[in-house]
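In order of appearance the chains are A, B, C and D, and numbering begins at 1 in each one.
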Amino acid sequence: MHSLSTQLGPLSLKNPVLTASGTFGYGQELEALVDLSQLGGLVCKTVTRHPRAGNAPPRTCETPAGMLNAIGLQNVGIERFIAEKLPYLRQFDVPLVVNVAGESVEDFAFLARALSAQEGIAAIELNISCPNVAHGLDFATDPALTEEVVSHARASTHLPVFAKLSPNVTDITLIARAAEQGGAHALSLINTFVGMAIDIRTRRPRISNISGGLSGPAIKPLALRAVYRCAQAVKIPLIGIGGIMNANDAIEFFIAGASAVQIGTATFVQPDAALSVIRGLEEYLDASSISSIQELVGSIRVD
Amino acid sequence: MQNLKTEIIYHQEISPAHFRLRARSAEIAHSARAGQFVHILPRAVNFSFDPLLRRAFSIAALQDDTFDVVYRVEGRGTALLSRHQKGDTIDVLGPLGVPFAPPVTKNILVGGGVGVPPLAMLAAQHEGDSTRRMTALVGARSRDYLVCVDDLERSGLDVRVATDDGSVGVQGRVTELLEPMLADLAPDAERPLVYSCGPLVMLRAVAKMCQTYRVPCQVSLEESMPCGVGVCNGCVVPLLNAADDYGAYRRICVDGPVMWSHEIAW
Amino acid sequence: MHSLSTQLGPLSLKNPVLTASGTFGYGQELEALVDLSQLGGLVCKTVTRHPRAGNAPPRTCETPAGMLNAIGLQNVGIERFIAEKLPYLRQFDVPLVVNVAGESVEDFAFLARALSAQEGIAAIELNISCPNVAHGLDFATDPALTEEVVSHARASTHLPVFAKLSPNVTDITLIARAAEQGGAHALSLINTFVGMAIDIRTRRPRISNISGGLSGPAIKPLALRAVYRCAQAVKIPLIGIGGIMNANDAIEFFIAGASAVQIGTATFVQPDAALSVIRGLEEYLDASSISSIQELVGSIRVD
Amino acid sequence: MQNLKTEIIYHQEISPAHFRLRARSAEIAHSARAGQFVHILPRAVNFSFDPLLRRAFSIAALQDDTFDVVYRVEGRGTALLSRHQKGDTIDVLGPLGVPFAPPVTKNILVGGGVGVPPLAMLAAQHEGDSTRRMTALVGARSRDYLVCVDDLERSGLDVRVATDDGSVGVQGRVTELLEPMLADLAPDAERPLVYSCGPLVMLRAVAKMCQTYRVPCQVSLEESMPCGVGVCNGCVVPLLNAADDYGAYRRICVDGPVMWSHEIAW
């Protein structure tokens, strides 16, 4: 028998596969297609202090082996999230990670505090790296700001805190160390890469926001490198994110040093992609008679 | 809504670059309603991720345990779909979205290009219902872009066609066929219900016209749809005076594709 | 009649399509398949002060809509380049851009000087952004170093100088401005993105160098964004590079603000890819009755 | 070397996951020599870039104006290639690379799995030449992995087979068939020439054995080949005491794929 269980700081998960923020709604929409209780965890769409209408359409466009998006953190705001979404999410037997974003250090602390008072939340993921809103990237591009926002959030809650970093930086290990310094229990690596596409007929950007975040298989090699480098730089657990379409992709991230993975764009292609990854991991462990996924974590051979 | 592996039992080019695809799925055939769509994943081989995402197609017709879509080859996704052969299995998610509202006593179907298929299904579902009369107005660039006219006629509808080049029907825009029908309505006459699906420019014109003549109008909208099931918030359309979960925006995939035109901030 | 001619500082090109460094060898290999005289320009593989053996194999691996490479600047060194490669390249009626890389400011100045003494060189491209050699990225990640290396190279030659920048930075416009400040006549945007891939059977990196540079269609949205942002930031002409497979891709770069483009990975897929892009541009201009490619440059509509 | 659009005139699965593809190209048929390869671009539709790069395949046979490749489905590129049908056009670059050196009076062909095809072509090119005797030793995992043995026999060769599971021929490695043949050579006897193509582990073992018994050996190497024409420097192999343009490295696509095993830094 094998074990898929993993540990993200104080948080234990029965398996290391979570859904990525903004790609699984609040769970509701996919309930009919996906048995949520099988997930290692569910990370919900970013919640902000105040409701956000989001960006004007068009918000997405397909690119080679990827897609651009600039949703603009459309969400109902923390108040209504707690009142309307949380009760629904709570009923499922799945660890719930609430992803939050703010425009100031105080915002993040406020959101962390507000969520601490609630039942049924497994952890908080700090989205300090959304490329599609003003100030969105500021935090995750500056080590000092990153440490500050993480430490304030940490101080405002008893819940485990994950910091979700941006890959759009010169040296992500500097940001990773700062987040570790700030007390993050784990790092979510990575958010999207900033890109754009142009409609050559209209000569306009294909996305109203002009630029958007690139996700999907196209970025997998870049995300994997970010995880590998951070694994050499910090001691806290890493959550690998970026272009994971199947179990083999996920295994690359474990070998590079990730203790868990998140499935994003793949869910658009196959609603139950996360469950397929879990099944695939089980088969892989059995086939290669590895007893625990932990044996894979950071097992890359570079000698 | 289910995620199904369905077998293609018919796939033919019905006019240049236009295809009719029929696949077996009792689930869809028994539950789908006119205006709903399917999200199809075109794949050449496993682990090939370009094109990456599913493609949305209105359901054009239903039979005992099969459904049809009629599509035009636009880019690589539809090009790849058109390569699939009879007997191949395709990955289909559906039926998805909000269907058309029930017809009233007088109904006018206004379709353009590959927007006609869902209207053809609406007509078929009410075939022979003498209490709900339907007229179809179809617009297209030219003869080659006309699809599903025969389906409409088979359902007993009186179909009027307008083409940009006059190769079929009158030369001009489909709205030129609609205007007189609305203009002739006595102010106090019972209002017909207009159903419209087609290019955005056409939908806008139809919506405007219906507003002018105070005629209710349902439109079926299109937008790039990464997920098709409401989780990505990518496919939105702004609504007039709406402000709830989704602010002023609605997701076309789950709150549409069919909407009341007077609700939309055109 | 339309005009494809373009201007890169003092250098005039009959058309704006060049082959990218490291993807066209020294011209020799493809002579049989490609009429070199039709190219807007040919950028040859990076030349260094001393010969380099390059990295151990495996050096490349395919990724979704892209590829990773870590060749390690294998080249014969400036001396033998001048003695053996240049005479051959000179015989073709095509502007020759010699791409050089050094490990110090002095190296770059030395190489620029050495090339100035030679006949038949149209321009020098400074590769301050190769991700696959030690120190490779240092220059292009630091504005001060970038300005210094560019200005020294400028001072060492009468030839036009292009600076090839790295996309692996937090804000490429800072580097672009520094290169402009240093006197670059044009900017080549961009070099590859650092990524990696792992063989899950052996648990080893698929590339001996561990990480490699990601190129191809996968990075096009990211490269296009870099060009667009730099177009807002500097006045010197930009050369768009990254995932350009056909004329439509190239047109996106012109609209974003590029005055020329380079074709890299596409040449591996179709040896005459650059010529196809040129033909495609001609057809596009005719079809849309645009008289000059210059009308496209920076014509993006964001209102 | 040319870049050609060639028509597939035959494409069959000859054993599980193994295919023989025949395409029309007078250019290749008339110029190719044993040991050379073609670089084939598998494409589902235009503007679909995953898989992105060409795939290399040894030429397995030539006819008047057609050529064959015999391949095994490894990943998505070969999977996609296997979907191409008779009548389809494929993009082929070739013939590429350095062919095998001419045979001597005694020659031993040592092939493993899909390394056998180029040896089959070598044998066919010297069929009936009584001055150059050839023996073939073929290794494979099992019956299902054996290809081109019939081609070798049709060329009149005595073919000995070794499979890992003993499903065909002797159970064991092909090198176990080679060793006695080399060991029995009298020290002063004329040396045979060994040609080898197959998995790297096999090539290494054969090379070592040939070195031990002082027998010249030609090997056909494989490496990931982005361009196949020598411009990317991606496909290199390190050589012993070589230091010129390419330092210690040679490009397998243009300086190979066939090389003398004693030159290689194994």
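Things to note:
Quick note on the criterion: a residue touches a chain if its C-beta (ideal position, glycine included) is under 8 Å from a C-beta of that chain, and two chains touch if they have at least 3 such contacts.
As the structure is a prediction and not an experimental result, all values here were calculated from the model.
For the pair subunit A and subunit B, chains touching both partners: C, D. Contact tally for C-D versus A-D: the pair with more C-beta pairs in contact is C-D. Our note on geometry: subunit C versus subunit D, Cα centroid distance of 36 Å, whole angstroms. Subunit A and subunit D have centres, each the mean of its CA atoms, that are 46 Å apart. Per-chain Cα centroids separate subunit B from subunit D by 54 Å. A straight line joining the Cα centres of subunit A and subunit C is 34 Å long.
Counting partner chains per residue, subunit C shows two or more touched chains at residues 64-66, 216-218. For subunit B, residues touching at least two other chains, in rising order: 47, 49-51. Chain contacts in this assembly form a complete graph, since each chain touches every other chain. Every residue of subunit A that touches subunit D in the complex is listed here, in rising order: 64-65, 217. Looking at the complex, you find that subunit B touches subunit D at residues 44-51, 75-76, 79-80, 83. The touching residues of subunit A, when paired with subunit C in their complex, are 63-66, 68, 141, 168-171, 193-198, 200, 202-205, 210-211, 214, 216-222, 224-225, 228, 243, 248, 251-252, 255-256, 299-302. Residues of subunit D touching subunit A in their complex: 49-50. The touching residues of subunit D, counted against subunit C in their complex, run 1-3, 41, 47, 49-54, 91, 93, 223-224, 226-238, 245-249, 254.
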